[in-house]
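Read from first to last, the chains carry the letters A, B, C, D, E, F, G and H; within each, the first residue is number 1.
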Amino acid sequence: MVQAFVLIQTEVGKASTVAEIVSKIPGVIQAEDVTGPYDVILRAQADTMDDLGRMVVAKVQQVEGITRTLTCPIVHL
Amino acid sequence: MVQAFVLIQTEVGKASTVAEIVSKIPGVIQAEDVTGPYDVILRAQADTMDDLGRMVVAKVQQVEGITRTLTCPIVHL
Amino acid sequence: MVQAFVLIQTEVGKASTVAEIVSKIPGVIQAEDVTGPYDVILRAQADTMDDLGRMVVAKVQQVEGITRTLTCPIVHL
Amino acid sequence: MVQAFVLIQTEVGKASTVAEIVSKIPGVIQAEDVTGPYDVILRAQADTMDDLGRMVVAKVQQVEGITRTLTCPIVHL
Amino acid sequence: MVQAFVLIQTEVGKASTVAEIVSKIPGVIQAEDVTGPYDVILRAQADTMDDLGRMVVAKVQQVEGITRTLTCPIVHL
Amino acid sequence: MVQAFVLIQTEVGKASTVAEIVSKIPGVIQAEDVTGPYDVILRAQADTMDDLGRMVVAKVQQVEGITRTLTCPIVHL
Amino acid sequence: MVQAFVLIQTEVGKASTVAEIVSKIPGVIQAEDVTGPYDVILRAQADTMDDLGRMVVAKVQQVEGITRTLTCPIVHL
Amino acid sequence: MVQAFVLIQTEVGKASTVAEIVSKIPGVIQAEDVTGPYDVILRAQADTMDDLGRMVVAKVQQVEGITRTLTCPIVHL
């Protein structure tokens, strides 16, 4: 199992809608609006790193209003 | 009461118009054109952090020509 | 109540120790090692934005090995 | 007369002291602690762009605990 | 007299055309295509900081294909 | 002979297609999807730095879905 | 098996030595000096994302002269 | 012949001395203090990309007070 934070930038004025939609994607555990260089931070999980990458590209990035996503895999050191 | 600087990037050629429009938004105390990585810097205030976030999304980010906003809440340490 | 994600950069080789120490600071709900531009992501809460700012400066930033923190307050839009 | 915002990054834990010290430098109009990618934002003025540059280098950057300054001159478009 | 470097990002595939056009703007001394985070670097001069700001907004940023400009005023310390 | 890594950002949802297309451009040795601040990393070679620059602008940046490229020439120190 | 590019920033003047040393770390496939925002780019592999994270922290980041590493896991979309 | 701009960040308070010293390095054509995200911008030339890389590492980066250099090779597209 792999988990990651995904730091999301949205088009201006879209943060709230984006957070609501991504929070319903299977595998997304948590999604919040934030201020600062990012607009939404979500936490997601998948079976493998490849699955996580696919989920971000195929599900998260399809949400209208998202302009950039930055995936930060959680590692257990 | 919460205050914040909002560092704004605009579409090329729109800085001046953006500064003028945002300066009239209620809660905006100050708005200036600047050069550098940002194009306009404004100072705003609201009752709570949530109000401030809403004001930036609902008022500031609705101004045409704004491409990114970076909210830096002022804290009294 | 205000919550925030704090994105932390550490000195090279210190991420693991930093994550462990910050996770024990009162008000810190969650702290994880990540890869990417940040090394540790934590989630914290405090009564007010000022309290949160003070907690980050007085508690989190005192942890040895932290070089930069980026506080992203959660807003309810 | 030239004015500028100076966005300041400090060593961890030094934001508060830095804001207090820089606020007393002649030519500094305003200095606040903020959260986000910067730690202190100040507003300063000088007679010319060169004077402003010298003031930042000779006065502001001499303050202990400052690691980076980013000067954003205010322009009247 | 104020001089500045202006670091320019362009739409993909437009660097060459942008460099050629901006090099003909009055006040632009030098304009080159570069690789790296910027696509074109130009050097310009104007009578005052405000004139320089106006020139960048009114002339340089009007060139089609430019997405961001970062003005770095030259200072004599 | 000059080699370089080209770090590519794509429109959301386009990383996979971009990686596939750029991998077929003559001179591109390697192209992979990655997560993080970049979406695709490729390795390319050309006879001279100018040829490499031209190849990135004329071939790589023409691929639909690419929003930014960052060329990092390999140097033998 | 997980592979990643690791984009490395070094202290000034250390790029060459760092590239040579990291290239000998087990799991590192490739390591080159580059110019631009990064100084060394390496390619590494490990059994799992956690192993990769540990390898970067325990082996790569221990190399003297490295100031930041940015791990970009390769994903097969 | 290869030319490049080298964007330099210095320790706080060192910009002026750094600009003066680097301007005397053989191959450096021009070096100026600037404000903004960089502190000094120089223009240099060398016979090959490798020579330029070596010059930056062996000569420019040896100057005390420099913390980061970002080399942007000029390309003729």
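One rule holds for everything that comes next: contacts are C-beta pairs under 8 Å (C-beta built on N, C-alpha and C of every residue); 3 or more make two chains touch, one makes a residue touch a chain.
Only a predicted model underlies this, so the values are computations on that prediction, with no experimental measurement involved.
J.: Counting one step per pair of touching chains, how far is subunit F from subunit C at the shortest?
T.: Contact-graph shortest path, subunit C to subunit F, evaluates to 1.
J.: Which chain pair shares more contacting C-beta pairs: E-G, or A-G?
T.: Greater number of contacting C-beta pairs: A-G.
J.: How far is the middle of subunit D from the middle of subunit G, if each middle is the mean of its Cα atoms, in Å?
T.: Once rounded, the distance between the two centres reads 36 Å.
J.: Using mean CA coordinates as chain centres, what's the gap between subunit B and subunit E in Å?
T.: 25
J.: Please set out, as single numbers or ranges, the residues of subunit F touching at least two other chains.
T.: Touching at least two other chains: 4, 15-16, 33, 35-37, 52-53, 57-58, 70-73, 75-77.
J.: Which chains touch which?
T.: Touch list across chains, by label: A-B, A-C, A-D, A-F, A-G, B-C, B-D, B-E, B-H, C-D, C-F, C-G, D-E, D-H, E-F, E-G, E-H, F-G, F-H, G-H.
J.: Applying the document's contact rule, which stretches of subunit D touch subunit H when the two form their complex?
T.: Those in contact with subunit H are residues 4, 52-53, 56-58, 61-62, 66-73.
J.: Residue numbers of subunit D touching subunit A in their complex, please.
T.: 35-37
J.: Can you list the residues on subunit B that touch subunit E in the complex?
T.: Listed in rising order, the residues are 9, 12-13, 15-16, 33, 35-37.
J.: For subunit C, which residues are in contact with subunit B within the complex?
T.: Counting only subunit C, the residues touching subunit B are 2, 49-50, 52-54, 57-58, 73, 75-77.
J.: What residues of subunit A sit close enough to touch subunit C in their complex?
T.: Interface residues on the subunit A side: 3-5, 7, 15-16, 19, 32-38, 41, 70-77.
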